[in-house]
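Next up: the structures, one after another.
In what comes next, chain A is part of two complexes: it sits with chain B in the first one and with chain C in the second one.
Up next is the complex of A and B:
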């Protein structure tokens, strides 16, 4: 069953090809790299759909492909695909108020390699592979967030990102050392055997706490979230979108692999901590979002709050937890990318402030309606996808009997409705202060928005997809 | 071929839904003509699918009774929402005699009404919107009748409610239409709240929503227990049945929730036609029939169904006698006919044998038969009324007269429909009404039987009052009227065919196949046979009604009527004003609820609830500002927070929770 490895090999090959073309092409900005990247990712997605999901195969003793891994790979590929489509316009002259970005080929190459790193995270069979995957997925993000060379904000964002990231990597390795010290091996099989035998071993738990803190950085959990608003604001907007979806998905995948895998015997002891972190994170994210005026900072806080909801499901049992998280990530990705597409369209001539949205409802009712749908989906209003997604996440925690936490999360999502509606208010109700907006919606943007909108509505009306996911991850 | 239709049976729903999407999202704004034609085409395709399903169902199920003892076939079923591992809501298509019959009725009438609307809505600025909504209405109703479980039914039930709301208030610039739409929506929603409560209750105790399980005898046995609420014993079975029936009570506009239906005629006439015949109002009767095996286990429920139905029958017939608005008369006649269907279901309970819950199968099949025949002639009556209104631009029958010459096609078709609704032999209505009366008589409900018989006489009287006042007498229109619209007359004339023959040709089908969704517990208590005096008596009464109508209204001389109404002063006023039911509702809602309940609540809400909410809001904003301040952009602060976070995690992880 070597075909199971095809997506990983293909994305590597694709990355090298894109970089190679960029290197040897005579043109400054070879558009063919864009065509190759998006079509390759689309092909990869179709390939992923065709593979069998009921098998688990280990390659070379270290690289494992299972149904769960394939589902996560689908999310990574979709996310990379939309990032690529989103970024296309930023490489043109009229693309953004901050001016055009350069080095298109490199950008796409890095996105592809970063996605390969994410693939590695979900395919790990040992702590070492897991670590390498995580670094492969994170280091390219530092480069991407500094991609506006010469832009102060971008440089500042990247610096903060690197310093915080380096610290978290250090903490991660520190946590590893405890586990290695206790078990004497980095392989999941050995760790699981050890943890089953001595679930109360102090070193194991200590190691897990450090790992949790380190991943808290990637997942923007409170109090490790503080880099997020600055980086989201400073980084180029497509990179922000990529970080908010792919990086978050990688981090939660990391936790899923670890907590439902080798360290599963420690899961019951960690449940309260997870709930506490989830509650604190969603509260801080929601409260922080209340007062924002910048769209990207706003999205940063919104995604911090969403991370809180996602983490909540991790307190549940393995099947329900996995299934609800994967389903929610799909929904979250759709709504987030739709919002970022609209931000990118609005900010062609204007800054990324709330006030830039004014007059959108009159001037382009379709865009405003899509914004409305995305906001409602993020806030979890039925019958949109976000409602079913949140329902599943909360159900996962409720199954374990944490009703108070579910009520708390529901109250939190009521608060979130307030600030999501603020955006709607800007788009529909407030009168524009400046003249009419000037923007163009390219064919790529139109079709991406159409796909995302259909996705948002369809996942809400056809929730049985989640049942299929549940069957796969069991 | 037969199996092909069955395996693609979801197409019957898909066509109207596609029409809704295409016209609603795109075509309706660009090309009205094409939108109308596409809608008609798609509803025609839906009708073809519906007839195909009937054929397939006959071949697969009815022709092989040994394989399908309960005559039920589930196709295209899939899991829709997984609420918890052991409670899944499914969607699918449930085929049994009544749902197949409803598919045929809805698609055929939907198709004819769409053709009619091409003529009727010509030149209206909401042309595209109208066809989109009409298609959506058909889609919702089809989804309702094929529901495999009560949850799916509820989803489509609400969709029917919403689409009727937007269609009744279609001319939203008319205040009366908006009010009528609101009234219909609020009253049916009010009833639906009880329905939902019933669904939740049954779902909680049974752990399943599928009709097949709900209707199983075990379900009734599980539910049949008493529990105490503040010292009053309540039977769980009766309570849940009545809660579910409440949904049908509102939707089928049974007394006293009937007040929305006469007002609903503010919508365009094709909408009234489809609401009154194939969709919406029969949903309540359909629900009662669908849940019949469960309802039948509770004697109290059936008694209430019967009483409500019988009372509505007589009550609405009496009111219809005095109305002047042509569509309002027809609306009350619908109420009266719905009453027949409802009491027929309730009267299946055999009187002599209440302990063993004896059930007379005739009541059930007669009720379904009446839905079938009534759909055609009621649709015809409304379409005819629409054609008349379209020609002379008034609803008041007092200002009509002598239209016989100007509208011959409408005249003859309406005559057939009036004869059918009056139950004159051998028109369609005769056969079904005869079975309903026979059923009630056999089961021993003599009072209900009498009410039904009397109402059939009154029906003939008010229908022919309408007929004579519209078509006979002196013509009040001096100028030349425009000729009948060919598209509109087409539907009217086509509908005249089933109006005449549907009863005679399908009575065998109904008595053969519509008898048992459950094992009937009836024994020999039933009065045997079909006495000849019954139809003769009913027909005599109806003919008497027609003769009285001719005497009073037929000759264009209304002096007798004036004399009569003057002499019956108070009683007449009471009936003309519909027993002041609407005023009573207004009094209760405005005077009592608004000023004594709503006003104090409003004060409480304004000052205490809002105050608390504002406090919370202000507090949250202060917290938000705090978080924004902490986020000061200094990297050292972020690193420090991380370090403190790790220490916190360690401390919390050590806590012995």
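Up next is the complex of A and C:
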């Protein structure tokens, strides 16, 4: 047994343990399960850091662990970690204006299983494993988004999510069938051999097109992005954060596994499709965000636009494209979680509308400052991490010579600055309508926000991490 | 302390000052202001020290220097993000030193001029320091990435500074200014990346890139992208519309810094990045931009005539005067470039003086409409005299800094034998007459004439207010009478640029 498999086994075991404790403990008190979940995830992260990144090991011919996979697993674990921390206080009595939630043990367990599904996606050696991983990563999200059982919005969100998700699964399988029809195998090795021999085979293209459409749903690419705002609004805030980071990272990982693995010979001919989708997605996301009044819907459109930027780097052939995507995902996760922490704190007393932020700059300057930093990071303003991250994403598109696409994306990011500034305007410039509000910021929230803030600043200034990612990807 | 450490501390100090303010209590305005003043004062001392060091080094190296390539002093080159060969690459030449000096003076005066600020002083001074740190950073960076990074750092705090502490339609102005400038940086961004990949050396180093002749297919779109991108901040017509609104809404210190220094970042970028690195592109586009810039100069002056708000008048005159900077650059001659650099300094000092005065006058009269004022000379002689001096600088009176700069620009531009250059020069010279109209008109309405009864009880400037005004007036006169010391400083820096531009 190789140590490279440990994180995957550990998270699976952890999921069962948490679920078991929750099942057999009589009080169903979430403290034990919470402690177990976050400490386990932290341990898993440290474990991931200690593993060797320079080799690829295949287990049982179906499950492989490479440096790239480990990098993605880090992102998934970080994301799950902050989701758990975010949900701890949010679901209590005073945590949000909609009231408390029970059965938190199940919640943590489902998050862990979902993360295991994501692990599987990046470890696949065949289309079958890839499919199973994707489903394992998606189905728990349906449950999570409906977690507030009495809430109509939550139920609506989940229903939409299920219908759309099921449709995309169908399309994905349909795409698979073409590839299987052409190659006669689902294993990456065989597909790669076939694609190298016939890089222009129409069935492969057709299959890939359907796969793109299916993943487009998960990645909220235009024109498959419509579900996102409703789901983001309806789902509980921690789940929204989880969907916006983990689910997106999984979809990107899925594309990277395919496009730089078995279907790599087709990749040069897909560049225009990728650029087109990227351009359309960022434009639609940015234009959609302009008119939003609800913070979660706003974050949905913002994350659609971000998906567009990320996709832009996928057009790059060289390693830098992939390295910059992973780097950016880390940065994006930090900024997104910081924002969702603020949203969840504000929703203790007020609704999740823009106007709830009014007066934040005067009443809680620290919270407002962190909001400012995360907005600037998402908009790509130096010296925050978002700047260098976006710079590298766009640079990998420029490397292929698509300078006009870079101008287009950069102008798009100017549009995005407008709505990020709107949030800052609410927090700092506009006068509050309601009286002063005192927010209770628990220790967990304080420390998470502190970690995320340090992350947002350091990732932009310290070059080690990006260098390391590039080395591993190479 | 050696030169490169000095350079690093110059841009780092404002950030540290900003951080030092963070733990101070919100109500303790005096302490916050004192920290800011000490920080900017100490920085000014450092910059003066740097200037002296630099002057000594230049006079030593004067003989036998290879003028084909830019020679940097106090350089430091440390690799940063190796993924893209980004380096922390700093150094100075004469132009940078001069710009640092200008920034140091303006921010020192700016802090003094905002001594009376009451509301949320803590955030204000933190942001002001961040902004200044960004400006310093641009002037010392010789790596395109770091330059761009600092450029953005300098632009963004503007949104909050105008949005929170501004007057009038501040939210609109702040948003307009920020978005237009960031749209400009989108163009710069693409230009920088294109140079990085097309150069074949995968480097952001300005000096290395300056020795490369980029393919014409790149320069033909790269030059206008960079020139418009930076020119946007320099008030280039027709992208200048953020400037009047932004300057009029901004609080005093921010107007001073923005018109005085930030708009110079635009001119500096046009010179250092657009023209220096893409000279062939500049040759292709020079006539087009020359026409735009001439419109800039004349239109800005006419715009100022139409205005009745003192800040709008100054803002439009800034558009006109910053147009002169770009005009000098586009002359593509040695004298023209020198004029442009002189104009950056002269306009920086003049407009800082203008905005400081307007802020002080406004804090007393509570109006900026020139028709509602009148006879201010009787109640506030100090401010009024300084205002007239600033005005006379604007219309280019000999003996003041404006004359030196404008005369050099026009001579330099006329020296270029291209007929379009000559025609544009003649047209641009006419702007001086128009400037005289709006300056004398506003001085007449606001300063002279019968005193408005309302203003009988008003007092003249306090000591804290007199200090920045005195410094700026002194420097304007000094530069007008003895321009030689500045010209000596920049001579060595301009020659290699001209050689590159006309290669």
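Things to note:
Everything that follows uses one rule, which is that the second predicted complex is superposed on the first by the 469 of 474 C-alpha atoms of A that agree within 3 Å, B and C clash if a C-alpha of one lies under 4 Å from a C-alpha of the other, contacts with A are read in each partner's own complex, and residues count from 1 in each chain.
One rule holds in what follows: a residue touches a chain if its C-beta (ideal position, glycine included) is under 8 Å from a C-beta of that chain, and two chains touch if they have at least 3 such contacts.
Given the structure is predicted, the values throughout are model-derived calculations rather than measurements.
Of the two partner chains, chain B is the only one touched by A:273; chain C is not.
Look at A:403: by the touch rule set out above, it reaches chain C but stays clear of chain B.
When the shared chain is aligned, chain B and chain C each come close enough to touch A:466. Of the two partner chains, neither chain B nor chain C is touched by A:50. Contacts of A:395 after superposition: both chain B and chain C are touched. When the two complexes are superposed on chain A, the residues of chain A that touch both chain B and chain C are 388, 395, 399, 463, 466-467, 470. Chain B makes touch with chain A in their complex at residues 78-82, 84, 88, 620-621, 623-628, 630-631, 633, 635, 637-639, 641-642, 644-646, 648-650, 652-653, 657. Interface residues of chain A, counted against chain B in their complex, comprise 159-160, 163-164, 167-168, 171, 205-206, 209-210, 212-213, 216-217, 222-224, 226-227, 229-230, 269-270, 272-273, 276, 284, 287-292, 388, 395, 399, 415, 462-464, 466-467, 470.
Contact residues of chain C toward chain A in the complex are 26, 80-84, 86, 120, 123, 145, 149-150, 152-153, 156, 159-160, 163-164, 170-171, 175, 178-179, 182-183, 185-187, 189-190, 193-194, 196-197, 221, 225. By the touch criterion given at the top, residues 320, 323-324, 361-362, 365, 376, 381-383, 387-388, 391-392, 394-395, 398-399, 401, 403-404, 406-407, 410-411, 413-414, 417-418, 421, 424-425, 428-429, 463, 466-467, 470 of chain A touch chain C in their complex.
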